[in-house]
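A, B, C, D, E and F label the chains in the order they appear, each numbered from 1.
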Amino acid sequence: MSFNHFDASGNAIMVDVSQKNPTMRTAIAGAVLTLKPETVHAIVEGKVAKGDVLGVARLAGIAGAKRTPDLIPLSHPLALHHVAVDFQVDASQGRIEIRATVRAFERTGVEMEAMTAATVAALTVYDMCKGSDKGIVISDIALIFKEGGKSGTFQRTAP
Amino acid sequence: MSFNHFDASGNAIMVDVSQKNPTMRTAIAGAVLTLKPETVHAIVEGKVAKGDVLGVARLAGIAGAKRTPDLIPLSHPLALHHVAVDFQVDASQGRIEIRATVRAFERTGVEMEAMTAATVAALTVYDMCKGSDKGIVISDIALIFKEGGKSGTFQRTAP
Amino acid sequence: MSFNHFDASGNAIMVDVSQKNPTMRTAIAGAVLTLKPETVHAIVEGKVAKGDVLGVARLAGIAGAKRTPDLIPLSHPLALHHVAVDFQVDASQGRIEIRATVRAFERTGVEMEAMTAATVAALTVYDMCKGSDKGIVISDIALIFKEGGKSGTFQRTAP
Amino acid sequence: MSFNHFDASGNAIMVDVSQKNPTMRTAIAGAVLTLKPETVHAIVEGKVAKGDVLGVARLAGIAGAKRTPDLIPLSHPLALHHVAVDFQVDASQGRIEIRATVRAFERTGVEMEAMTAATVAALTVYDMCKGSDKGIVISDIALIFKEGGKSGTFQRTAP
Amino acid sequence: MSFNHFDASGNAIMVDVSQKNPTMRTAIAGAVLTLKPETVHAIVEGKVAKGDVLGVARLAGIAGAKRTPDLIPLSHPLALHHVAVDFQVDASQGRIEIRATVRAFERTGVEMEAMTAATVAALTVYDMCKGSDKGIVISDIALIFKEGGKSGTFQRTAP
Amino acid sequence: MSFNHFDASGNAIMVDVSQKNPTMRTAIAGAVLTLKPETVHAIVEGKVAKGDVLGVARLAGIAGAKRTPDLIPLSHPLALHHVAVDFQVDASQGRIEIRATVRAFERTGVEMEAMTAATVAALTVYDMCKGSDKGIVISDIALIFKEGGKSGTFQRTAP
């Protein structure tokens, strides 16, 4: 097995995609936050009066997708055409699921942009809740779906 | 329960820390990558000849810590005085554990910087291995230890 | 009259503040958006169901304050200790007033950070409303109050 | 009235422009600085010997246009093909008018890039003059002209 | 002789390239570090056990290429499709030669991206070695080769 | 010889400076541009009418100093208190000397900030002149002077 982010001598490179034609690319990544149930209740109930935790996290995720080339050293700067971040909340289980969708007409995939969006959204929820809940865990950061490009469609099977 | 990143009207703010005295702050955060065992073998064996995956990820994590105020909307810009990112690899289990340590003499804690460093390091490993292993999962992103500041020391108990 | 951002030869410099002692600095800047009354009504009424325009703009303003040294060429990088952005809405007049407050214990003032926060918040409201209201105007971007430092307190008199 | 930066549930999104074809886009935005007449005289007369205030502000505006996707949360990263910032100075009236022009062959308009360029140029003039003139006001930030894209040409009528 | 980064009035602009068609562009830039021979020996011998100085510098150079539009005021933001940074080491002469290659299908050349990559890689080597070798000099930063675009191919003749 | 940017296992770290006391730090770095004499003449004579090449480069250098922690992977984010960039021009020799001075009251030195300022200023001159002079070379990037901190004063002897 070899890694295509290194050349034949083992040196890190930004892989040459100049000969590839742009195609429509979509990627969906997920992340899961596990918090105390009462923290999730406070997030849900407080939305209007006490502060919109998930609204802040959603914006951080969208902005995070745009910062991907600054964060991931060998990633290509891409012209993102769509970013969305959604949350599914299960207060009784103390669980918040995040889905980040990214689309672009580009020469290489947008998996890292979707992964970064989901992750930064999760970190931002963590930041706002850490004062009262230090045991929060972020898990299940994974690619859920991708489409477009030579390697075709990928759909994660349920874990 | 209320969130201190919002004011009494529920509006997001960067919390006022101007009246706090700087103290020495340390935070350690962790993350775990689950990959195919053969991917981990390739990472370990290929280090010298095929490319240093973990070396790239370590640098990305350190740089990521410095980008925290750009990523986490309500975080304070802090003068980081130390950042380190370490890996513990268990190839037979297909498992890479990441530990990020951040230290600063500051008015507020460096938890988010440590969390961001661990996370960006994990995303970078993912980026370099995703070509041959699409099922990689990042999990167990959590605060492991913190010290300094009014809320004192926190040590995560084993999960 | 001369400008202290240039040296005796007229060359731009980042002014030397190394000999100044840090003091507590506060600055409040304002901006005004003039929109169609129906646009302001839609912002106010749609907050919960249709999207929180002012919530997005508030976060953009706070993040904008942190980007000040990247935007204003001769400004110093400062350790901001507090940022808040507030809105006062008069729907019948089609008017949204923005107030941005910044505080830091620093060697130089935080006026530019407050001005930038107010301005970026205003530009973000503009961005979200420009689809249906192309005649929006941003005005009255000005320093309202400052405190701290050698030049003392400034309070803008009503225009 | 609804806002296209939010989805049907009221969640902020980066709007999907992947299905749009790129077309040539031009936008011109304006801003006005009101200063003491003697400040404007000092700017004009000092250009060569005392420091080129407007030259610094022009560069800040051009750089600001490039930072738009970092500042405006739901904006798309665009490949800018032309940016220019011009000043019209009326010293007797204490008035500096700014015009920022941006052009790109893109899937969405460049209004925000032009608005940001004009605004950052104005803030930079403010920064350099605030030492001797605390009452400076920035106003009339507005779109003056746009061309290209489905919504066609817009020309602001004189206020 | 005039400079195309200024308009007819001598004002700095980002040159309008919107009417140019994208073509394949390649640029190679070089830089040379002169260090004490023992410093170069330590770099070469220490790679595995003591730390991979050139590996860190390579990543910094690649990341630096992506930061070019933030650093060079009148440069265009470009979609880079390939970046590589290589080193040729002559320990007995205390000399490290850097070659940075950048490729993109774009409306304007990628010379500045290659120059920036080579330079940032050199500065990063400097940073890591300055503790024990304060006399390090970086020289010979120059364009070595370019291809693509109206001005055609350029090949530097040996100095 | 070992490098203090790596730990005992050879892993890259941001060195821990949290136990150091801040002291006043100054660094001066230099760079030299070698151009065709007629290019230098055009720069000098064109300043007012055709465009201020060195004025643009000076601002880029100052801004570059502020970007140092983004560019140099293991550098600490520092609160810069003074940055200046000066040019000495010898048109007949086709030579422009750059001097960048940086000062800060900090826990670690500002050499990299001065080196980066000088280098980015040189690259920016290159960018503006490369259209008519492809053979420009940047050389002699070196530390000229530093003061403050445990290692004391350094003064480069003439090369």
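Quick notes
Keep in mind that, in the parts below, a contact is a pair of C-beta atoms (placed from the backbone, for glycine too) under 8 Å apart; a residue touches a chain by one contact, two chains touch by 3 or more.
Chains and their UniProt names: A, B, C, D, E, F = Cyclic pyranopterin monophosphate synthase.
As the structure is a computational prediction, the values presented were derived from the model and not from experiment.
Shared contact partners of subunit E and subunit F, listed by label, are B, D. More contacting C-beta pairs link the chains of C-D than the other of the two pairs B-C and C-D.
To overlay subunit C on subunit E by their CA atoms, one rotates by 180 degrees, a value rounded to a multiple of 5. Comparing the residue numbers each copy contributes, subunit D and subunit F share more than half of them at their mutual interface.
Put simply, the chain farthest from subunit A by mean CA position is F. For subunit E, the chain whose average C-alpha position is most distant is C. The centroid of the Cα atoms in subunit D and the matching centroid in subunit E are 31 Å apart. Subunit F has its Cα centroid 37 Å from the Cα centroid of subunit A.
Among the residues of subunit A, those touching two or more other chains are numbered 11-12, 48, 52, 55-56, 59, 63, 67, 70, 73-74, 77-79.
Interface note: chains touch in the pairs A-B, A-C, A-D, A-E, B-C, B-E, B-F, C-D, C-F, D-E, D-F, E-F. Those residues of subunit A lying in contact with subunit D across their complex are 24, 55, 58-59, 62-63, 65-67, 77-86, 103-105.
By the touch criterion given at the top, residues 7, 11-18, 69-70, 73-74, 76-79, 107 of subunit D touch subunit A in their complex.
Of all the residues in subunit F, the ones that touch subunit E in their complex are 1-6, 10-12, 38-39, 41-42, 46, 48-53, 56, 59-60, 63-64, 67, 70-75, 111-112, 115-116, 119-120, 122-124, 126-132, 134-143, 154, 156, 159. On subunit D, the positions that touch subunit F within their shared complex are 48, 52, 55-56, 59, 63.
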